[in-house]
Every structure is written in C-alpha cells, then in structure tokens.
Amino acid sequence: AGTLDDVKARGKLNCGVTTGLVGFAAPDANGEWGGFDVGVCRAVAAAVLGDPKAVEFVPTTGKTRFTALASGEIDMLARNTTWTFSRDVDLKFTFVGVNYYDGQGFMVPKELGVSSAKELDGATVCIQTGTTTELNLADFFRSNNISYEPVPIETNAEAQQQYLAGACDVYTTDASGLAATRATFEDPSAHVLLPEIISKEPLGPLVRHGDDNWGDVVRWTLNALITAEELGVSSANIGEMSAGTNNPEVNRLLGSEGNLGEMLGLSADWAKNAIMASGNYGELFEKNIGENTPIGLARGLNAQWTDGGLIYSPPFR
Amino acid sequence: MTTLTDPPKASFRLSMLIYDTRYRSLTIQAVAMLGFMLLAAWLLNNTLTNLATLGKPIDLGFLGEPASYDINQRLLDYNSRDTHLRASFIGLINTLVVAVLGCITATIVGVLVGVLRLSKNWLVARIMTVYVEMFRNVPVLLWIVLAMAILIESLPAPRAFRGDNPEATMKVFDSVAITNRGVYVPEPLFSNSLGSIHLFGDSSLRFDVSLDLMAILVVLIASIFAVRKVTSRAAHIQETTGVRPKTWHVNLAILFVPMIALLAVLGFHLGYPELKGFNFTGGTHMRNSLIALWLALSLYTAAFIAEIVRGGILAISHGQTEAANALGLRPGKTMRLVILPQALRVIIPPMISNYLNLTKNSSLAIAVGYMDITGTLGGITMNQTGRELECVLMLMGCYLLISLSISMVMNWYNARVALVER
Amino acid sequence: MSELMTDREIDRSKMHVSDNVAIEITNMNKWYGSFHVLRDINLTVNEGERIVIAGPSGSGKSTLIRCINRLEEHQQGSIVVDGTELTSDLKNIDKIRSEVGMCFQHFNLFPHLTILENCTLAPIWVRKTPRKEAEETAMHFLEKVKIPEQADKYPGQLSGGQQQRVAIARSLCMRPRIMLFDEPTSALDPEMIKEVLDTMIELAEEGMTMLCVTHEMGFARQVANRVIFMDAGQIVEQNEPEEFFNNPKSDRTKLFLSQILGH
Amino acid sequence: MSELMTDREIDRSKMHVSDNVAIEITNMNKWYGSFHVLRDINLTVNEGERIVIAGPSGSGKSTLIRCINRLEEHQQGSIVVDGTELTSDLKNIDKIRSEVGMCFQHFNLFPHLTILENCTLAPIWVRKTPRKEAEETAMHFLEKVKIPEQADKYPGQLSGGQQQRVAIARSLCMRPRIMLFDEPTSALDPEMIKEVLDTMIELAEEGMTMLCVTHEMGFARQVANRVIFMDAGQIVEQNEPEEFFNNPKSDRTKLFLSQILGH
Amino acid sequence: MSDQAFVRTEMLPEKEPPASTVGIVGWLRENLFSGWFNSILTVVALGFIYYVLSGLVPWVFQSVWNADSLNECREIMTETWGSTHGHACWGVVNERWLQLLYGFYPDHLYWRVNLALVLTLVALAPVLFAEQSPRQLWYLTAAYPFLMPWLLWGGSIWGPIMVAAGFAIGYLGYRILVPVAGGLVAIIAAFALPIIWWLFLAGGVAGAIDSVIPIGIEAVESRKFGGFMLAVLLGIVAIGCSLPIGIVLALGRQSDLFIVKTLCVGFIEFIRGVPLITLLFVASLLLNLFLPPGTNFDIILRVMIMMTLFAAAYMAEVIRGGLAALPKGQYEGADSLGLNYWQAQRLIIMPQALKISIPGIVSTFIGIFKDTTLVSIIGLFDVIGLSNAIRADTAWNGIYWELFAFIAFLFFIVCFSMSRYSMYLERKLHTGH
C-alpha cells in the first residue's frame, strides 16, 4: 500500500526532524515540538488527517536521517536537508520543494577578531558529520589552500557546547542554523557570522523515491502554504475566505471550488486544514525564525517571488 | 585369535535414517545443513530483491571514489581527495592506535589496582574497591562521554593562554600545553633525518616508513639483544659460582650509550608546541577525543583486569607463599619465582579476552568523534555514499579479523602454559 | 596404625642427643585477635632431639611450630633458635628460616616447576649455590627419599606420598639443622603414609633435630625422645614416649589417648 | 575382606538358574581408537545367573559391562540381550536399557532431585507409569534397600552407602531383568560396603540375573555361580567360585589371586 | 631424660592480649600503620579522600533543586553562594526524572511499567529462590512472557493469548500425534503447527474474537519507550529470549555432529568477534533489507532481535561452561535408565547446568544491561539518548554533570546489586556441594 494509505490507517504522520535546532525544530518544556520545519510536518498532518497534532516527531541526526527515511521509519523528512544531486539520484529520495534557501556560513567569537573565512588558517572547526557542510568545508579550505582541524560532531547541541567551551574556534553549518544557534547563547552579540557564504543549501522536505502519490501530497501541501501567502490567505482570515471568495484560485485552494483534494486522495478542505495548522508560509516564517524572533532572520532570498525572493509556487489549477 | 567376521549387514530401511544411531546423526546434520542453506538462501534472496527495488546493487566501486571529507587524527598522510578506502585504512589504524594504547594503560592500571586491592592497608584496599565497583557497574559509553565532557569543560581553551596575563600557562617548563582541544607535547625532530621509504606506491594502502624510526628501532633491538647476552652470561656465572655479578650498570650503558650516539648523529631535538594563531602549533597534538576514549576505555577495562589479577593472585593458594617463605625466599623473590609464574597462567587468558573487549569497545569512538574505523568506514563514508550493506559488512569483517587474530594468540598461549597434570 | 612400622628395625643407637640447645621457647604467648591461642609456652629442644607434638584439633600445635620459623608472629615471650632470637628483624628471620626446614600437610610443592627445580630453587636464590652444585645436592636428597627418577616430572604427575617425599627433600636441600613437620601424613592414603614415615625415620636415624606434629602414635613410640601433649594452647604434658603412652598423668591426656588408640 | 559377610546366612536354595539365555555375547571385539580393549569375548549368561567379573585394573571389565547396555558401542561380534540384538537401532537400545539396570562405582545419582524423584524419574518418563504408581513402586524398593525414611532427602544429604543403595533402588524401579554392577562398593568406606553387599545378596536371593565387577571376593564366593577373570581385554578363565579360588588354572589368575588375597 | 617430663596440673586461663594488638589501636596499627611504608600510604590515601570529598560533597549537597532552566539555576547559585562553580543544579533531574526513567511513555500509564517490573521480579522468584518460593508462582512465570509485553504495549488481550495459544497448539499436536504417527512426525508437527498458526491464523482469530469480546487496554507504541525503562526492557528481553537460543547453541557446540557444531561455533564466534555497535547498525540499517520486501517492524523490535542474538552467543558460552562442569556420570546415569537425549537434557542435565551457570548468566545480564546504552548511538532514546535530547533543549543547554551523575547512579545501583547477588550465589554454589 502507498504511504498515504499507511498514514491514514495509522492515524499519525511520522515526521523526521532534527534533534533540536531552535526555530526549526525543538521540543519545548512540555515536550511539544515547534519550529519552521515542524510547521511543515503539522501542515501535512493536517492536510492528510485533519489534525495538526497527529504527528509523531522522530528526531534524527545528520547521520541517521536518511536511513530512517529509507527504512520507512518516517514518512517524510523535514530537517533542514539540502537538496543535492546525489541525495536525489543516488540515495533515491524525492525532494518535494524548497522551504528555505540557505547557504553555509561560519560563526566565530567576536574576540578572535576574524572578519573573513579566509583568515581561518589553522583554526579548529566544529562540524556536524553526515552533512553536506562537512564536504563543503573540506572543499572550501582545500581550494583556498588553508589548513584547518575538523572536529566532527553528531548533533547541533553538542557542537554548540564545544564551540562555547572553546574546544573549537569556528562553528560552521547552514547560516540559518548558525543564526538559530546563536540566538540561544547567553550573549549572542559576542559572536559574529562571517560574511562568506560558501555554498548553496536549498533546504526542503523529502520523501522516498517511488511513491509519487505521497510525494505529491507533501509537495502540494508545501505549495499550498506558499500560495496562501501569495494570495493573502492567512490563518486569521481563512475562516471567512473559505466560505468562498471571488478569487477562483483561492477557492480552488481552499476547496470551495473544484476537486483538487479528491485528486490527491484527500478531503476537499485539505489545504485549509494545512494552512490553519500553523499559518501560511509567511506566518510560519515570521513566527519561528523571522525578524521579530530571537533568531531574527530576514526574508531575503526567502521572500515571495513577487517581493524579489525565490519562493515561488506553481499554480493551483 | 579367531578370524574376525564383519557384523551382519542389515538391509537399509528408510526408518533407519531416524532410528539408527549411525544414520541418525547424518540425518540430523543433513537437516541442519539444509535448514541453514534455506535460511541463507532466503536472506540472500530477500536482500538481493530489496537492493534491486532500492536500485542499489552491491558494488564496492564507491571505495575508489574520493572521500571528500577530512580526518583530523591521522598517522599516515591523507587529504580529502583520497579515496574512501584510504579513509577506512586511516580509520583502521586509528582503531589500532587507541586499542594498543588502551590495552597497555589498562594493564598497568589494572595490575596496580589489583595488587593494591590486596594491600594490607585497609584504606588503600577500600579505595581500590570503590574504584573497581564504580567503573565496572556503569556503562562504558557513559564513561566515554563523561571523560570527553570533563576534558572539554574543565580544561582551558587555547585562547586562555593568550594575552599578556593569561589565565592558563603551559606546564613542564613551558613544553606541554593542556587545553580542551587536547594535549600538546614536544615532538621529536631530526635535523639530519634519513628520510623515509614509501611503500605501496600511490595505492590507498600506501604508507611511509620513517628511516629514523627504523634506525632507532634497530639500535634498540640490538641493545636489548646485548643486554640479554650480558644477563645470560650473568646467569651462567651464577650457575657456576653461585654469585650473580652486578650487571645493571653495564646494561644501562649498553642501553643508553648507542642510543644517545645515534640520536646525536640524527640531530635529535624536540619541537615545542607554541601558541600561533588559533591553536598551538608544533609538538605532537593528542586530541581530546583520543584522550577521552583512551582514558575511559583503559580505566573501565582496568577495573576488570584488576579483578582478574586479584583473582589470579588469590587463586595461588596461601600455602605456596608459606612454603616459599619457609624456604627462606624473601617476598620479592617469592612473588617473582613462585607466585607470578603461576598467577600468570590464570590471569592471561581472561586478560586477553578483556583486550578483545577493549578493542571492540573502541568502536564507541563514534560518541566522541574520534575517527576510528567505525567513524570513517561505518560513519561518514557510509552516510555520504549510502552504501550501508557494503560498509557494515566490511566493518564487521575488520573487527572479526582483529578478534580472530587475538584469540589465536590466546589459544596458542593456553596450549603453551597448560600445567602438567597426572 | 602402629602396625605400619613393624617391618623395620629402628637403629636407636645413632640417634644421639647432644647437650646443645637448638630451640628455646620461653613464656611465649600468642593471640589471634583477642583469641589466646598459645599460652605461656616453655620448651627447650636439644640438638638431635626428636619431639612429637600431639593434641586435639585446634589446640595450637600448628601455630606453635609455625611460630618457630616465623610463619606466624608471637606477641610475648621469646623464641631462640640456634642462638638467634626471633624478632621482627628481617636478618634474623632469614637466618633462622635457612636453618629450619618445614614440611606441610599439603606439601605445597610449586606446581609450575619440575621436582628438580623445586629442590634447587631455594639453594640457588637464597644460598647462592651454583646451579650445578645445587642440582647435585638435590639429586642426592631425591635419592635419599627414593625418587631420583622423578626429577624431571612435575608435581602434578606424582602420587601424594611421592609429593610429600619431594617436599622433605626440598627442605633438606637447604641443609637445615632443624626440621618441622606439620601433620605430614594426614593428607595421604595408608600405603603412602608408610613411604613418608620411612623417610622420616631415616632422617631421625641420622640425628636430625625434629619437631613433628602427628597422630601416628607408632611413629612417636619408635622414634621420638619426647612426646608433647597440647590442649587449649598450652603444653599439658610432656614425657618419654613409653611413659607418655603407658602411664599418662593428666586427665586430658588420658582422654585423648583413649580416643585415638581406641580405634 | 571375606569376613564382612560371615554374619549372614545365605539362602542359596532360592537362587534358581533357569535355562533361558539372558545375555549372549559372541565374538565381540571393541577398540578405543586403535587400542584393542575387548578381544573376542564370548559369554553366555542364563537367567538367574550371578556372575562376578574380576581382573586387574585396565583389563576391560568396566568396558565389557558398559557394552552390555550400550553405554559403549562395540565394533564387531554380537551382543544379544533377552533375545534382542544390540545394534545401532535406537528402538533396540531403548528396549534393552529398560531391561538392564546399572549401578556405577560413583552412584551417579541426580543431585538436584530427591531420592524419591530419582527413583520415579525413569518409570514416569520412560515407562509412562502414572506418578502415583511410580511412587509406590519406588517406596517399595526403597524399603527393600532399607532407607524408606530418606525418600524426601537429597542425595547430597546421604552417606555413600545409602547413596549406593538408592542407586540400586533406582535401577530396580525400572523392574529390570538383569542388573549390572560396576565396582559398586569400591568408593565406599568399609562399614558402608557391608550395607551395600547385603542389599546385593538379597537381590541375588530373589533370583535376579546379575553381572558384577567387584573385588569383594567374599561376595563372589557366597553368591556367584561363576567367576570370570579378565586380563588384557580377554576372558582368561571362568569357573565356579570354589574352583576358581581354590584351584585357579591360569598363571595370571594365580598371580592376581595371590595379590588380592595376600593383603 | 625424665627430667624433662612435665605435667600441667592447673590449666592456664585465657588472657587479654597486649593492648597494642587489639581494639581500635590494634586495628589501626595492623591495618593502617604497620610499618613506615604503610603509614605513608595511609596518609596519601587520606589526602586523596579529602581532596575528592571536599570537591564532591559541596557539589552534591550545596545544590539547587528547584529551577526550570540552567540560567535560573545559575542565578540562584550566584545569589546564594556567590559563584556558580562547585554546585550542582539538580533542577534538571527534578524536572526530568520521570522522563529519564520512562522515556515518553504516557504518564497516566506509568503504573503499567511499574507493574511489569514488579511482575518481572515475582516471576523471577521461582528461578532465583527455587527453594523458598511456592510452586504456584511457576504459573505466573509461565504466563509472564505473554503478560509483560501486553502490559507494556497494551492493546487487545487476544493478541498475546493467541501467541500463547500457539504453544498450546504445538504441545497438543505433539501429544496427539505421538501415539499415532511416532515421535519424529510429532516433533515436526509440534514445530510446524504453531508457526502455521501464528503466520496465518492467529491474527484473524484474534481480530474475530476481539470484535466479539473486546478486552484490551490502551495501546502504547514502541516509539514511546525510552529512558531507563528501555534499558531494563531490552536487558530482560535479550536475556530471556537468549536463554533458550543460548542453550541450543551450547548443546550444538558440545555435540559431535560436525556440521551442527561448525554452524554453532561459527555463529558464536562471529557474534563475539564483532562489536555490539556494528550489530546495532545491522538492526537499524540492514535488518529490513534481509527480510521479505514490505516487512517493516519498528526499530525497538529490531534492536531487541539483535540484542537477543548478541546475548545468545555470550549465553551459549556461559552455559557451555555449566555443561562442562557436570560430571560425565550424570549423562551415563541418565542413559542407563533409558532416558532419551532430550529427556536426559531436560530432566537431568539442564537443571543442573543452568543452576551452575546462574552466576555467569547474571554477569552476562549485567554486561548486556550496560550495553543497552549503545542504542543511543543509533538514535533511540534510552537514558543517554534522552540526556542528549535534554541538553538540546534551550533551557538545559550546557548541563552535563548532573545528568551523567544521575544516569551513572541508576546504573550503578542496579548493576551493583546484581553483581552482589551473583557473588552471593557463587558462594552458595561453592559451599553447596
């Protein structure tokens, strides 16, 4: 049976997330998971099962995530994972889209007085193993002909600990991850992100190869969130909007017109549920990682295409 | 004697396969073999089907691809452009390094603790008991992460050494720096180095043999050989005259004079670690991941070895000591001539199986980011290439090879020292 | 068990006792913790004397002879062996141990060494005898205990009686002037007992000073100059064997004798 | 040691020997590896016969009787027990084992079971007797060997003689037609030997077919119909006890008898 | 020489030993200050103890219990003692101890875990204290393998009952077929029938009965299992299931059947030759590959399988030792009574061999129990995995010692008491015979 049927039969969505990266996915004191990636999981759960709480979050490390997905332990992975050729083609996964356009950055303590990554000759660098950043790092230092000492680490939390204790001079990972990590420091201002972004890191949710139906569900749930922002549908106004508007695309999206839900094998109000779960793309962003949160990421590349960003959803038609 | 007739040949009936003791064992074995083959075939078939659906047929080609990642701890040359095979090889060597270091330390600590546990001093014996119980009853993984945490959290970072009035200073005449990234100790350097020979060309298993090191080894072995000659001559003199000539000064001279001469010729000097840029440079850097692993493994294993040593000594009955005492042997000689030779027979086999355990436990290196073979082949390589089956099988193969060699040594030893009994 | 010896003529003529004092124990007391094992022991042994110590189990016989070569420490009184007082001075202890040989109930041979090595170990390492010479001596004593052909075997390959004889030979190799025996035959089968007692009788005939804890009353009768009876950590009675067996004075002795001879 | 039995009147009248063959061994040969332990054994035992097997150590006595209930496998010749030939056929082996009881030198009781359980185990599991009935039988035989009161104890709590009697009772509970004894008394103290021999004599009086390896010549004289003397894996002599003891034919037998009776 | 004759007329009384050799002084002199070397050792040891305790005691006892985050802890510390050094922040344990013990198990169902633990102890009683415990307890012990999983995983009671029914069916089949078709057929049937039942029928029947008489308790997914409970569960399951496999392997290794022996030796040496972590990799990465396409069972079960195989290899060696310790006469005694191989094993050999092996089994258990922590490396939330998760929480980021101390304490208590128990057993067995 397809994953969609499995999920429906189980009544729960198994969603792989990080072991803890504030703003993207982290459990709070009550064990409730929250964050940008978590929002995607909840949206999918809401779309499929009608209940944003019907998610089982499976924390994965950089190393364990792909096995978890391949072995069927999780139905989808929403764990700031970079879309790369080999992951898509060789590891046999399907990336359904991009929810955050990112790049790899460096964080150093201000007191070191470093202003460029090129000055890092001889530095000790904390790096999460099993990630693209590990490979980028090797390439970057090699091509710039400078030496470094990698300290391979399993999780973000440990990396943070070692970095703060001074066991490494630099911490490198996705810039978004760096910002999120820095936000939890006692004194965030004592650390700076270096200007170099050494790679492209399009992060997005992914599913196993070969179950196109399920891939479509996740892909279009993500697109629904993006389109909702573009069309101005938010969790605040969705109630009245879903009663019917004179924008046919909104109507198709929210199920008051056409049968997009049925085509996916979902209920008619799937997208409405997804959006209500934790808001549209923009809301998700602002609530979890936006400029008004401690993490304070600007929309930048992740603005809607209409605002000069790269966030762009195919039309609902 | 009468001529012997063969037992009457009963005609073969099918039921004999089950009820006849001669055929029964054949039947059982055949069934077992069949069952095993079926199981194996079933597993293999499943695996092949599954791999086919996944589109990942078994293929070792990835081993020849560039690894693309760096390894911090490496005894041989390696860079991120080297192959996965090379990375695995580096990992294997790292495994062996920590295993050998661990075994040596564990033995020293274990023997010491084991003997001290038998100390007449109540307090010392108790402290040792607490040590042994503490380490034996807490998982080794916990000790490893704990050791790492202690190193990271309680030692100063290199930046603490900076500035005019640093918080931390180097130890031992400014030659050793203890930081939370590891310990930097002076390294031996040779100004008239003999260079090194390069083995295995460009292949992934290539390695360099330092001629300086070889020269030192040769001289060392020659000296040891000479010392043994002197000792055996002393033994000979003792046998004929009864008095053993003092040989320690000769031995000392034989051990040290040629070595010092050689070092002088090679231009031996120490390279001291020095704070430069972000880190100390120069000197030998023992990373904290290695230290944590080494410490935790050896202290953990030492607790077991201590018990073995204690048991071994206790197993030698009190009567042996008394008999030796009654013959006028002093405690030192009693230990050396009577107790130890007997205790060793009891001690060494379980000791070796503890070495084996230590080696296997070294695979927990992965918890502190030490790049042993589990970290390279079974870690990053596996993760970046997605070749789980191949990697895990190779990984198991490596450990199996190590284990089997160690148990071969053990069997050989056991056969050699078996007590002659009636 | 006295029948065991009947087939042998004992030559008492050679068993000469000199007037030199070999062991002198004065007012010796010993405690294990607060348990008073040896109480006011006074005992003088002349050179060439053969003394048998008897007594019920737990009466302190073993402890007494173990004190004599300082396997146990006494707390009060003095023990003088061959003119040297036993104190905690290591030199004195070494001196006395090389003059006093000891045989244990369980032989305590070294199982990892051959019979010959067992016998030469102490001479070589304590007396610094050249190996050659030590081996000759060892073979001499092994012949004396009648097992020279076993020299290259290991203790595990010998019978109990043979092992005990090796143990005796091993002590003799140090050429001790006094031999202590602690129930040397009680771990043996009857046939083997005879072998060992024969060896001991031979030693006695050569005039060796001997202290022997044993329940072999036949041996005591034939060989001993004196039998000492201990009970509750004290010497209760001592006398010549004939007198001791035929005419015991103390009630305890009588009781004891009735028990062991009654069998 | 023949004194041990004098206090008992043996009733030979009941010891009837029938003409039925109980065991027939023909040209039997056995090797351990390349060592030829049993050579051309021919032996016929009639029902009710009581045979004592004697011979020096290592002569193959144990091996012979162990072949009879297939604890060891023979390689040539045939052994027919009660009409069933011993082959490697499991059914035959089971059949024979349930007809042949065996008593070992070291009793081989099961230490984790009570005496009663020891006795009922085989009847319940092999013969499928109801427990109740098995227990009754067991008590019957325990009474016969005179230790019914020990039924609920464990073997470790009994003396050697009692243990051996339990072992006999345990075999009897399977109601065997033939009993094999392998030196049943040689691990026992003299007093206990008597207890066990008495039990065996009683069995003999009831007409049980018995093969017994023993050195108790008193027992042989009083009970056996025939004594078989083995040496070097072969039957050297067999005869009635009187003839055997008073008038041995073979030199080996003479030598052997002189040794064991000479003591 | 009759001058040496001596008779004691009056027995000497027991005297007090010299004061310096008894009492506290005597004890001190003997155990701590017997000679200058010992005295130095004593002083050094005292110094060491003082050093350790002076650091440890304030850390443990001058500590903060009520705080919701590390920062709060630190504030309280600076307020009370003026520094954050040398004081523990037990707030984290205070807040999370239930999670560390039970993982994510629903808190209103904790009683089920507790009950399962109590059941374990009660079910073990007949095994450990065979003499003192009533016979009826054996029924509980027999029911335990079905009761315990049902308590922990919950769901319909018919599942476990149907599994148990499989055994009953096997047994019945055996009993019915033995007289009709002979032993071998019966044995084959005894194996085949339950397997057929479990594979094809049990599920349907359970479902059917459940729809008629639904009896059940709230189901809990394996994923919720975690913390110390997971370690205990894995340990118990691994040891419990490995025991029969270990027995079979040990018998196989002892047998003279060449192929059987080779297979057993091969398996045992293979498992013992590789680190547990590689086997766990197999569980998490490869096991699904080895099974028919589409089978997919959860990681906890897969880990249980691997841990069981791992434990079985070690168990086999322990039991082999027990078998070797049995005198040959026991086998011969059984043979001469006409017991067949399996009867002899079951009634005579195994009861004794297992009893001798109990200390070894306990040590193996301790080893396995400690090794369960390795599952954190493949991403399960046992105590160590949870401690990592807790440290990933912003509130507790940066806390180390308190968590590790608590975990170490948990393991120490359990392992230490078990090792004491096995020592007690060893002594008992030593004097027993």
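Read from first to last, the chains carry the letters A, B, C, D and E; within each, the first residue is number 1.
Here, a residue touches a chain if its C-beta (ideal position, glycine included) is under 8 Å from a C-beta of that chain, and two chains touch if they have at least 3 such contacts.
Quick caveat: nothing in here was measured; it's all calculated off a predicted structure.
Visitor: Moving step by step between touching chains, how few steps can get you from chain A to chain C?
Guide: 2
Visitor: Out of curiosity, which chains are bumping into both chain B and chain C?
Guide: A chain counts here if it touches both chain B and chain C, which gives E.
Visitor: Using the mean of all protein Cα atoms as the middle point, what chain has its own Cα mean nearest that point?
Guide: That would be chain E.
Visitor: Centre to centre, using CA atoms, which chain is the farthest one from chain C?
Guide: A
Visitor: Hey, how far is the Cα centre of chain C from the one of chain E, in Å?
Guide: Distance between chain centres: 54 Å.
Visitor: Once you find the CA centre of chain A and the CA centre of chain E, what distance in Å lies between them?
Guide: 41
Visitor: Where the centres are mean C-alpha positions, what is the separation of chain C from chain D, in Å?
Guide: A distance of 46 Å separates the two centres.
Visitor: Could you tell me the distance, in whole angstrom, between the mean C-alpha positions of chain A and chain B?
Guide: Taking the mean C-alpha position of each chain, the two centres sit 44 Å apart.
Visitor: Can you list every residue of chain D that touches 2 or more other chains, as numbers and ranges?
Guide: In chain D, residues 90 touch at least two other chains, as defined above.
Visitor: Out of chain A, which residues touch more than one other chain, so two or more?
Guide: Within chain A, residues 67, 161 contact more than one other chain.
Visitor: Where in chain E do residues touch two or more other chains at once?
Guide: 285, 288 - these are the residues of chain E that touch more than one other chain.
Visitor: By the touch definition up top, name every chain pair that qualifies.
Guide: Contacting pairs: A-B, A-E, B-C, B-D, B-E, C-E, D-E.
Visitor: Per the contact definition, I'd like the list of chain C residues that touch chain E in the complex.
Guide: Against chain E, chain C makes touches at 17, 29, 31, 33-34, 36, 39-40, 44, 75-76, 225-226, 231-240, 243, 249-250.
Visitor: If we count contacts the way the header does, which residues on chain D are in touch with chain E in the complex?
Guide: On the chain D side, the touching residues are 69, 71, 90, 94, 97-98, 100-102, 104, 106-112, 121-122, 125-126, 156, 170-171, 174.
Visitor: Which stretch or stretches of chain E touch chain C in the complex?
Guide: For this pair, the touching residues of chain E are 1-2, 4-9, 11-12, 14-18, 21-22.
Visitor: In their complex, what parts of chain B are in touch with chain D?
Guide: Those in contact with chain D are residues 1-2, 4-8, 10, 16, 18-22, 24.
Visitor: In the complex formed with chain E, which residues of chain B make contact?
Guide: Per the touch definition, chain B meets chain E at residues 18, 25, 28-29, 32-33, 36, 43, 46-47, 49-51, 53, 119-124, 127, 133-134, 136-142, 145-146, 149, 153, 360-361, 363-364, 366-367, 374, 378, 388-389, 392, 395-396, 399-400, 403-404, 407.
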